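Mind looking over this structure? Questions follow.
Chains here go by letter, A, B, C, D, E and F, matching the order in which they are written, and residues are numbered from 1 within each.
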Amino acid sequence: MLNTPASAIRFPRLLLTGAGGNLGQVLRPRLKAYCDVLRVSHRRDLGLAAKGEEVHTASLEDADQMLALLDDVNAVVHMGGVSTEQPWAPILAGNIVGMVNLYEAARLKGVQRIVFASSNHVTGFYRQDEVVNTRMPPKPDGFYGLSKAFGEDLAQMYWDRWGIETVSLRIGSSFAEPKDRRMLATYLSYDDLERLVVAALTAPIVGHSIIYGMSDNQTTWWDNTHAQHIGYRPQDSSDVFRPAVEARQQHIDRQDPAAIYQGGAFVKATPHG
Amino acid sequence: MLNTPASAIRFPRLLLTGAGGNLGQVLRPRLKAYCDVLRVSHRRDLGLAAKGEEVHTASLEDADQMLALLDDVNAVVHMGGVSTEQPWAPILAGNIVGMVNLYEAARLKGVQRIVFASSNHVTGFYRQDEVVNTRMPPKPDGFYGLSKAFGEDLAQMYWDRWGIETVSLRIGSSFAEPKDRRMLATYLSYDDLERLVVAALTAPIVGHSIIYGMSDNQTTWWDNTHAQHIGYRPQDSSDVFRPAVEARQQHIDRQDPAAIYQGGAFVKATPHG
Amino acid sequence: MLNTPASAIRFPRLLLTGAGGNLGQVLRPRLKAYCDVLRVSHRRDLGLAAKGEEVHTASLEDADQMLALLDDVNAVVHMGGVSTEQPWAPILAGNIVGMVNLYEAARLKGVQRIVFASSNHVTGFYRQDEVVNTRMPPKPDGFYGLSKAFGEDLAQMYWDRWGIETVSLRIGSSFAEPKDRRMLATYLSYDDLERLVVAALTAPIVGHSIIYGMSDNQTTWWDNTHAQHIGYRPQDSSDVFRPAVEARQQHIDRQDPAAIYQGGAFVKATPHG
Amino acid sequence: MLNTPASAIRFPRLLLTGAGGNLGQVLRPRLKAYCDVLRVSHRRDLGLAAKGEEVHTASLEDADQMLALLDDVNAVVHMGGVSTEQPWAPILAGNIVGMVNLYEAARLKGVQRIVFASSNHVTGFYRQDEVVNTRMPPKPDGFYGLSKAFGEDLAQMYWDRWGIETVSLRIGSSFAEPKDRRMLATYLSYDDLERLVVAALTAPIVGHSIIYGMSDNQTTWWDNTHAQHIGYRPQDSSDVFRPAVEARQQHIDRQDPAAIYQGGAFVKATPHG
Amino acid sequence: MLNTPASAIRFPRLLLTGAGGNLGQVLRPRLKAYCDVLRVSHRRDLGLAAKGEEVHTASLEDADQMLALLDDVNAVVHMGGVSTEQPWAPILAGNIVGMVNLYEAARLKGVQRIVFASSNHVTGFYRQDEVVNTRMPPKPDGFYGLSKAFGEDLAQMYWDRWGIETVSLRIGSSFAEPKDRRMLATYLSYDDLERLVVAALTAPIVGHSIIYGMSDNQTTWWDNTHAQHIGYRPQDSSDVFRPAVEARQQHIDRQDPAAIYQGGAFVKATPHG
Amino acid sequence: MLNTPASAIRFPRLLLTGAGGNLGQVLRPRLKAYCDVLRVSHRRDLGLAAKGEEVHTASLEDADQMLALLDDVNAVVHMGGVSTEQPWAPILAGNIVGMVNLYEAARLKGVQRIVFASSNHVTGFYRQDEVVNTRMPPKPDGFYGLSKAFGEDLAQMYWDRWGIETVSLRIGSSFAEPKDRRMLATYLSYDDLERLVVAALTAPIVGHSIIYGMSDNQTTWWDNTHAQHIGYRPQDSSDVFRPAVEARQQHIDRQDPAAIYQGGAFVKATPHG
């Protein structure tokens, strides 16, 4: 949690979906600083509500539950759905059907801003020696990346058609620390994740904007020039972990697709069980 | 049907899906010139096979049927699925689930080339005073356009991951003649449709390529510069219909989204029943 | 005059300014085919009205005269103002003050479409071995080109702010025939001028669009890719005049700015008397 | 005033126009560090000259006064003219006629470098979720922005034609501190303004260059990539004011053009009294 | 030979190098129409001079011979040097050392225009499903393509430094007819070759320009947008040969680098004997 | 030498060519931190080997010596060859013939990564008011820059054809301190040079990448956006030297090509003795 909040904007009621997932758990305590009430949801029971919280159990593929979930909400931080490469069925349910349910609920309930956890895997089939910006065509590296590309296009359509604003965060690798040399490029610290989500929530005008979520890493494959209006400025870096990571992983197998492409191991995950 | 075939390349067995749909019916008799056996399929019974044809009834959302359908096929012209703006449920079934089934079947059966009927509605929320090329970000104008954007991304992924080649045809308005002033820009004659499909089938190397499907119209919103390797050269034009169309439709309501955006009336279709 | 009109769209009342100027005289008889009433104006008396005409004497720098002139007009073809490099004073009066008066009158009178005779001299300081498109920064070659750049920016502002549409025609060299080797690139035949003006008047949606006005010349410095939505397709070419022009002008002085830059002799005209 | 001068280059005689205006008053004491003699001018009497100063009263629309003003001057910092949205008449006088007078005087007197206070309002009709660079087409948000676009084109022409160098500063919001959330993006501190003007004066070769004038703000709409040769590096930021500004202005009215477009309230100022 | 000459410009003395090579033999009789005296050269004896010819034997790697060869010449069509993939030694001699000798001779003798036979193999490692323009980075496919990239850079340097103009022709496949499906894209008819060379010789201002040499083929990988100022307009096409070529070569081996990359078989030629 | 090594990656055997040259001497002691054995070479005798070193005398134009030199080497830092503008003969020998020998040796010996000392003089004929990125066409400023452009193209070809990776460093001015105002833009400190070389050696995947070698200077002409995957982040700056440099060199002669173009004095060096 940041010592100083990243913004003085406060929302009456903020919704965090996927609050029981990896990043949902990181964000749950942090987002309280930016709202009066934090509504949290997950497909599994989240237990008791903390002070200032409302706890919902809701499944993305259930349109009625989503409609109820978005009632009287000012903005959504959508971390729910599938977040790894998996067989098509759960991805379809959580990330395709679930996204349509979420945006239809937002449209019907008048929610005006969604921060959407997209993924760098939307462009995972670019090479690691290419620098990609947010306007280049998608090259998803599997069903998961494909479903996130779908989510971005959906968000674009709800903006053009219905005026609902979205910031799509193409999150890199948000962990306590980078685990390998690929993550020296993709690392997003938890504090920078908070900065990013808050910037996306509070930037005055965003339409549908796309931004890569990464810390201020020395090595990067992603160019956020077209997203500077969001006002995200990372303050951490993978560089403090570089000596240890490099010492552990001296060798790169340059014939391995996981080493060649930005998506890493995702590019060779087996699509079906 | 063209007097002279558009190519001397012949496929042993070609599959045409959606053969009972509007454009499927146009292409069915035309594609025979380019293959020994034309397999045609539709979700409804297509009746008896003509000479040189094999007739299948198959539903895109049925993975097993798709697997059987793609057996021993050299290339696919995929005109199946939903082709108009509709409620989400049928689009999900035909254009999302169906596309995954088709490409999984192609992967398992070793089919190497698919010509995919995408749509100009992938970019329907660009304005009619903008010229769009095939590398600019999607701006779908509804669930239908969104599903076609998904199809293109899927095709890109199957190329990057599995080496299956696709040409995504962003078809404009393929009718006997243009019906209104918008279609003076979007018109694709049936003969040019044949030229386009054949070029997409026979171009030696395509990876995943995207091309707008339009005749040689005086007015256009689409720039195919990046698709010149496909070798499509239209020979018809909407211009012969211009006097009649303009005489019929003198007035443009410039406040109407259907007049402002490239997607025309699709941009204001109601998403849900 | 074209044998077949370039469009079947008819305007109740069209205004042609500068009707006594070089291109005004060319367009005056041609525009009648596209309107019920052709209002023509010039700063000097134009004599008697032909059938279907209304004749006005009006000075661009007189705001009241402009207001009267635009009364009950559906669209304007603005050929008025200074059309050659001259001292600053007349350019200021006709092309700066006059343009503001014209657009203020259009705003107050509710005129929705203006076709503005801009000029290739807006970009006259690009070299003759560069290909320029309509989005590259202006490089005017003198006060005249500068005033036309102002006019384009004004038109952009009236579109963004007030919804008045303009097509800015960066006219090349519109004469009976090309006079020198530079004009082999810049030539715009009178018939193509008519096609261009009519396309600009009748294209359904233009916002503020810029297009270079040239025939289908073999040599060109200008790329109209971004203006294809206007539907202008030239049918003439300078090429039929090429042998005679080249025979007359064998030598190019490659040290002469008039030979180096697209603006030709304009780039070295003396700005002040 | 900077503790350490931003450059060790000294000019024998520097001219500051508009020395009595808001930014003129800020720059007047600061520019002394970079010249032997600072000539200051304004349309109103500026009172007594300080040490090392020469004080002139001169009106931009008076060509003779401008000619006298530029006599024996090495470089000009042109802060004069109208700096807010106003009716057309004063803008025409100060920013159109006045700019021509200034550059004609520079040409006749052999002045080789002008730093021109242009404005972000040259591109004020881009949206606040777009990132604009210095090569994109102008979208002025009113007469004021339009007059500054004219000034930039004029500067370009005097460079191409006469070799007079200009840096056009598209100044954001240069105040003691940012007043609202829009200014968190557009803020330019007075110290950074000094850095910017000095960089523009002292960069060895500038031709005609355009640069946005902003501090190192976390949120920005402007990309100065193409202006890095000028050597301007801001050292202040609006971010220290962010908590207070956001606390004061919690709400954004996203239907308000002043919130949507970069020009802020300028985009809806009434053009005529 | 064209029935009508491609230009009415005549040079007093034109030099054709490599006149005994494949394309040299094609051009030798054709270039006479454009000059009073055609000087032809080759490293081997060319036999007797035809009427209006001067015959020289000269080796590109001999600086003195080159100096003599360029004496009193108005322009050069440089078809000499190695024109296929070969071991490094002859390419070094003919295309590296020889090019320096040619341009040094041009500088010393005051020759102002060179038409340089570069090659599509400068960019032969782009894929056949990419469309390449003349500003994209080189990707040579072997020593031959590398030597032509060197030649283009040399020409650029002699233009920037010494004002010698060059048009670099990236010639595709100039044969009597296309031999395989790759050449349907790369074919340049002999008549179009003549049109191209003459346009490059006679365009008024070219600086250093690069243009791909191809006929008006339906399939193309190359975009000459930036070379339109040269005024080359092909009038032939590979399309008349398409049925025969496709009938002969039904199958493409899509694993073969010669099928994947634009350079065709050059991309897998062995570099060293 | 850096207090903390720039990377924890260690190579068993690293080759440094040109170890007796200016930058070779700077790098020789620094590179030891990144390898078990540092092989150093020069055309002249380098004297005794230091601990952990192997010393070779080898001439780039001798293919056999190069073959021996690259035996059992993991990566090469190629600082050898000519590094200033000189007559053509030594440049041909060292930078053309020598580069071919080096890469052929790498191919035959299985060396997988080369860090190549290219030069900013590859683009030295861009103006000092232009910002150049690594994808823009070369504009070499003399034979030296031309030879480095050749080297980059060669490296690109060995990557595309043989899978040998190269980072081409377009080194600015790497000296103990900047000597003049041009070097305020081009300065590369020795510590930053070490950071750059080490990043280029250790970045996991580079294909053929190009990067400008400069410190974090306030003024720059070069945009490394496309090279961010290399992970080079300068930590020094020319700015600490700015006051002294500017005080020494108050005047710029703006008519002098050495002041106008990025290559500085190289652009007017005489090519031949």
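Definition applied: a residue touches a chain if its C-beta (ideal position, glycine included) is under 8 Å from a C-beta of that chain, and two chains touch if they have at least 3 such contacts.
For reference, the UniProt names are A, B, C, D, E, F = NAD-dependent dehydratase.
All of these numbers come straight from a predicted model, not from anything done at the bench.
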item: Where subunit B and subunit F overlap in contact partners, by chain label; value: A, E
item: Contact distance in steps, from subunit B to subunit C; value: 1
item: Option reproducing the contacts of B-C, where over half of them reappear, out of E-F, C-D or A-D; value: A-D
item: For subunit A paired with subunit B, centre-to-centre distance based on mean C-alpha positions, whole Å; value: 33
item: Whole-Å gap separating subunit C and subunit E, where each centre is the average of the chain's CA atoms; value: 40
item: Averaged-CA centre spacing for the pair subunit E and subunit A, given as whole angstrom; value: 52
item: Per-residue overlap in subunit C, given as positions that touch at least 2 other chains; value: 225
item: Category of the chain touch graph - line, ring, star, complete, other; value: other
item: Interchain contacts, given as pairs of chains that touch; value: A-B, A-D, A-F, B-C, B-E, C-D, C-E, D-F, E-F
item: Sites on subunit F touched by subunit E in the complex; value: 88, 92, 96-97, 100, 104, 125, 135-142, 145-146, 149-150, 153-154, 156-157, 160-161, 267, 271-272
item: Partner subunit B, residues of subunit C touching it in the complex; value: 7-10, 112, 165, 199, 202-207, 209, 225-233
item: Subunit D-facing residues of subunit F, complex; value: 127-131, 181-182, 184-185, 218-221, 223, 225, 242-244, 246-247, 250, 252, 254, 259-260
